[in-house]
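Chains here go by letter, A, B, C and D, matching the order in which they are written, and residues are numbered from 1 within each.
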Amino acid sequence: MAARLPRKNDQASIAARRETLGLNGDVDLSAYVRSAESVTGVATLPVSVAELHVSLGDYVLSDEGEVVETGRAEEDVVVPLAHTEGGLTASLQRGAKAAALSGGFRTYVVADRITRASCFVCRDAGDALTLARWIGERVDEMREFLRAADLPELSRYAVLREAKTHVVGPMCHVLWRWTTGDAVGPNMMTRNAYGLNMAFVLPNAPVPIERVMLEANMGGDKKPSFEFFQSGHGKTVIAEATLTDKTIARVLRTTAADLDALSWAGTHGAVASGMQSVAFTPASAIAAIFAATGQDLGMVGTSSMAHGTGRRVDGGLHASIRFPGLEVGTVGGGTTLPTAHEWLSLMGCAGPGRVYRFAQLVAAAALALEISASAAMATAGSENFFRAHFERGGLR
Amino acid sequence: MAARLPRKNDQASIAARRETLGLNGDVDLSAYVRSAESVTGVATLPVSVAELHVSLGDYVLSDEGEVVETGRAEEDVVVPLAHTEGGLTASLQRGAKAAALSGGFRTYVVADRITRASCFVCRDAGDALTLARWIGERVDEMREFLRAADLPELSRYAVLREAKTHVVGPMCHVLWRWTTGDAVGPNMMTRNAYGLNMAFVLPNAPVPIERVMLEANMGGDKKPSFEFFQSGHGKTVIAEATLTDKTIARVLRTTAADLDALSWAGTHGAVASGMQSVAFTPASAIAAIFAATGQDLGMVGTSSMAHGTGRRVDGGLHASIRFPGLEVGTVGGGTTLPTAHEWLSLMGCAGPGRVYRFAQLVAAAALALEISASAAMATAGSENFFRAHFERGGLR
Amino acid sequence: MAARLPRKNDQASIAARRETLGLNGDVDLSAYVRSAESVTGVATLPVSVAELHVSLGDYVLSDEGEVVETGRAEEDVVVPLAHTEGGLTASLQRGAKAAALSGGFRTYVVADRITRASCFVCRDAGDALTLARWIGERVDEMREFLRAADLPELSRYAVLREAKTHVVGPMCHVLWRWTTGDAVGPNMMTRNAYGLNMAFVLPNAPVPIERVMLEANMGGDKKPSFEFFQSGHGKTVIAEATLTDKTIARVLRTTAADLDALSWAGTHGAVASGMQSVAFTPASAIAAIFAATGQDLGMVGTSSMAHGTGRRVDGGLHASIRFPGLEVGTVGGGTTLPTAHEWLSLMGCAGPGRVYRFAQLVAAAALALEISASAAMATAGSENFFRAHFERGGLR
Amino acid sequence: MAARLPRKNDQASIAARRETLGLNGDVDLSAYVRSAESVTGVATLPVSVAELHVSLGDYVLSDEGEVVETGRAEEDVVVPLAHTEGGLTASLQRGAKAAALSGGFRTYVVADRITRASCFVCRDAGDALTLARWIGERVDEMREFLRAADLPELSRYAVLREAKTHVVGPMCHVLWRWTTGDAVGPNMMTRNAYGLNMAFVLPNAPVPIERVMLEANMGGDKKPSFEFFQSGHGKTVIAEATLTDKTIARVLRTTAADLDALSWAGTHGAVASGMQSVAFTPASAIAAIFAATGQDLGMVGTSSMAHGTGRRVDGGLHASIRFPGLEVGTVGGGTTLPTAHEWLSLMGCAGPGRVYRFAQLVAAAALALEISASAAMATAGSENFFRAHFERGGLR
């Protein structure tokens, strides 16, 4: 290997790296030295904005871990979108306008769970089944253990809710299911799962355990899966709007019948191609909001898993999208970066107590884009979709 | 809806938006006014770096659309990583070191195709089958049509390679398969597919066509699918390394046997949870490079689809990862943004003729992280994985 | 349409049909006139037999619906196999012998649930979520309603255990989860689900319900699905055996290392081809036993969903297979046919109280075939697999 | 293990087995002694019949392996159904009647390929890619090799058509794609694939091959997979019918609107549960015909993979079903058994040259059941579906 670059984040090391790599100019990276190792520069993306009219629920987490709606209010909110896809912001704004003129979006937080999928390898399936039963009977005890244990690595924010076991061969996979407050929580649940595995299960298990793995792919850790799609990983959120025929014609330049026909063909196309997510382009909106607000971009794929529906109703079309697992946070991680904090604040989503609000806004914004992009695609020959790309493709 | 913000990107509109939204300070957004509508600010992410030793192939696209290797050389390359996940850069660097001490990564570009999945709705399946046959027999003619047609909306860069039809019900889905040069190509293939659909197929089709849709979900447009996972959507790339036992012990602090045991459990966990991608955490690396280099972040999920393997061999462990569709470009889109251009240049990947090089570096970097993260997870109880998160979690 | 055949099952109608269709000879169909409409003849398949040595658990269903093991004993059991695939019986017998010489099979019943997936279409997602919560809070009440209601169509055998709701768009899908005694139970749970839907939910629901469907594909009704693969539909059973190196060499003519290599490649092949079931050829054994014992052959595909594992252990190889949903019965349906009853009796599985025993024998027989077929495939070039087909292909 | 039963199929051995097992009565098994090892008795199922009116295509296989339609004629055909599900035959007959009164079914054979998925394990991915290219360039040569080689194990009926390679890790998976005449062909393609692997590839390969496996799960060998669902494994067949509103009302007792609403909910339910097959109950019909006609019952699951569609059209509803891979034969295997031969003859499908006809009839019968069962489910509360099960459940 070539001459090794210095690895630290003190000013001298940073300067040495930049010089060695021939990077021009001075940059002040002091805000980022705790973000990663070997920080050397920045990446800057433009942020555009769109306005949504949405009926947002107020939610609290009950002691039992259920998400409970305590109120609901309509608001106009501006959402930030970091991307360079010409036409995307205009399209999302158009969809938002169509929804607003039809009464606005309505959003719901359905559930809140994130999982760390550990695995205990036993001698055989018989032992693994014994272990699975043993774990299943001790969830209350384990929750209490985490609360009471005096281990510095444990997090008080990550609360164990359930443990789902799945035995295959000699493996006892365990989906530790957590709530993690206003943070996404991978770090805190990793620490608590490790604590459970090593300090509770391993010393007390009724059968010999040959091998313990903190994570062995039964969950949805940055990889889309059916488990993730159905059972969720983060906040499960639904957004919906009932568009009027008049708005569909005037704003979206199409009809409910044409949207219905597109939805029908697109759903069958998705089935034919083996998509787990059946929707139009949720990842475009998710990525744009995630990049603006300091969310983990490695979670764009999983958080974009979605199930969209369209259905003709009297006088219009009902459109909705279900996100099984929006992996969003309003504290911790990249949300503390200066620009991220600014954009979260713009939405009223910076800091504790805001994560359910934020999750709903993400879902509503994504539905806005679904509606508009679908409408463009539903025009004859998808002409409007083509035009938008041809005329506004911009940098693409 | 509340008072409508101005939508344009002239300085006055931008200033008015910022004032209305209460955004502080002056920002110069002149570099971004063509990127999106309603640009209002920026998002800035820290970029860290890691060094890879990799045997890179030189590739050209043959006239028939095959990717042909014309040479191969070992290089040390520095890759930029935009993220805020404490430990990620250090881990990726550790994996790269282990590979370098074992002879380095080897990367291969296997294929290059991107698809736009149009759909023609006919009267019934009989007609749709007639249309499918008719299309299948005219691919050469259609390629020539695109080359010769004097339509301003057509792109010369997007070259039609094949057309795969799939009839279900009255729908004739068509996967138009393209090469798009050094750009990712969604925009240019959208324009050419529209031209084909409306100016070639629709007027000449042997059966009545009731409805034409540019895109109806048979492809992998920002949504992971089995079609995408198997047949690809972008550059199909494989990266591999054969790690020595000594390096596994000294650098990765584990053994080939432990890595093998983890891979076995993780693959079965992935099967049990219905993952289409079977790998460790490719999205973390993909997202970090994409964010630094101006790639489309809405494609993080699809581009992160991957099939990883681990296998004990004499004296060590063979590790590899297959990316069916890296949707990467070195021209167009966000690659022209100032910071993106800088980071692409650092890798020798800015501009035309560099996309296969870039795709290989993305794959090698992802494999570096796979190796190190797996090694941390393979230690007893995954202690090293836990420690990395506990001690270096940083902002998370 | 041509002259309509008579449809009834009286002797004259049967004779008329046979004459009209030119079917030769007299057949006595009196045993079958209640099996189906328009019974006209028979199909006869040869049945071969194989002997298994297996440790079978004794299981009872607890009041809470859990499957509880109350004892365990080793037995030699003969299983009937109705098929015409030359080599299959010999191969299954060879696998059984290898297991027997290594200590025999061990089988476990893990769970017992079968689902009817109804769907309530509401006005919108908000209403559907309200309904889902309402249903979730009333499972005990609904169980009691079924027990107490004086409706002739209800079955006392199908006991409601849980209700899993899944809202997408305006749909509230409900997985009614049942135990059904020694019958497979589709008929009885259909009747009880209809009763619940129409007499409990519809009149009492807190929101207007636009449409009620008894079954809308969220379950696994004769169609393999990930939901079925993970959560089961029938009896969830695991079979395992730990083969000794000596037996692998002498009986199976291969080695643990070669079996391990095959398992590795086969699992990755399954991932690459998008299989939900990862195993070798479970359907061959399932179909053969189902056909002999009067099980519903339309359930061969779903009941054959399986997750097989192979793992080298000290002195040999551990092999196992997990069936998430064996849809088997020992009463009702085709089990009452004369030959089916005879073959079930041979296994000690005819009549009430035998279904867990039967499910275990099915799983053990399938594992026997997995072991032997894998061994043949694991020989160099899969020579023994080829030979078996070449020399014993028989009628194939 | 208990006293070993004799294994042979001579009369004395059969008699000894029957006596040892306590099986009563004399049976003449002479027709079955070549079907399997250790034949000991029979299983007998009732066969009922239904009449279909269908427009069947005449098809031939071109020299290039394409299925070409050479004519088309309407016929009334009686199909045999071996099952014990009360109501099934009546329901299928009702669907057939509705189709007949609306102009009948129309069926199409789209393609004909069956695959054996071999795997060559190389040193690394680089070598595997070299091998994949080498194989890809030699398909014509390999086809000629099979034609000319003087190896007794080769079959002249199994003709190699294409070879699709898929490299992952050091594995070069190869889907050998065959046509196999009027037989399903697993045996003959196994023999030819073995010949190719061992006598052509292994001695001539440009890289060292560590391990050859005849089958490693990239195909669809009795296990449903996305590969199978999309690319087929056997005969790809589509059946369709355009039902009139009048017939839907009079025969099916429902409306096009209600059928459309059911189809919409059922498709979304299928997506939500991760079904690869989206249809109603194709396996019921497939299993019934397979059991009557001596098809391989282990292939019920794969052959039942299907993609059904429903769509309102002027004056009625268009219904269709696509079977990607009907694994059917009219020669060989169980088709030679006495009853199977009788039932195949009834349909005009016994012997050579009939397999495309048979495949179409299977698809039409399955669509008949789809239509009727859907109609029963589409009635308010699915009352008619419930009634059919309640009143005609018969043996279930």
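We take it that a contact is a pair of C-beta atoms (placed from the backbone, for glycine too) under 8 Å apart; a residue touches a chain by one contact, two chains touch by 3 or more.
Since the structure is predicted, the reported quantities are computational estimates derived from the model, not experimental observations.
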item: Between B-C and A-C, the pair joined by more C-beta contacts; value: A-C
item: Chain separated most widely from subunit C, comparing mean CA positions; value: B
item: Centre-of-Cα separation between subunit D and subunit C, whole angstrom; value: 19
item: Chain centre separation in whole Å, for subunit C relative to subunit B (CA means); value: 41
item: Whole-Å separation of chain centres (CA-atom averages), subunit A against subunit C; value: 37
item: Set of subunit B residues in contact with two or more other chains; value: 166, 168-169, 171, 226-227, 229-230, 267-268, 270, 272-274, 276, 278, 307, 309, 311
item: Subunit B residues within the subunit C interface of the complex; value: 226, 229-230, 264, 267-268, 270-274, 276, 278, 307, 309, 311
item: Residues on subunit A engaged by subunit C in the complex (per definition of touch); value: 106, 108, 110, 123-126, 129, 166-171, 226-227, 230, 238, 240, 242, 274, 307, 309, 311, 313, 318, 320, 322
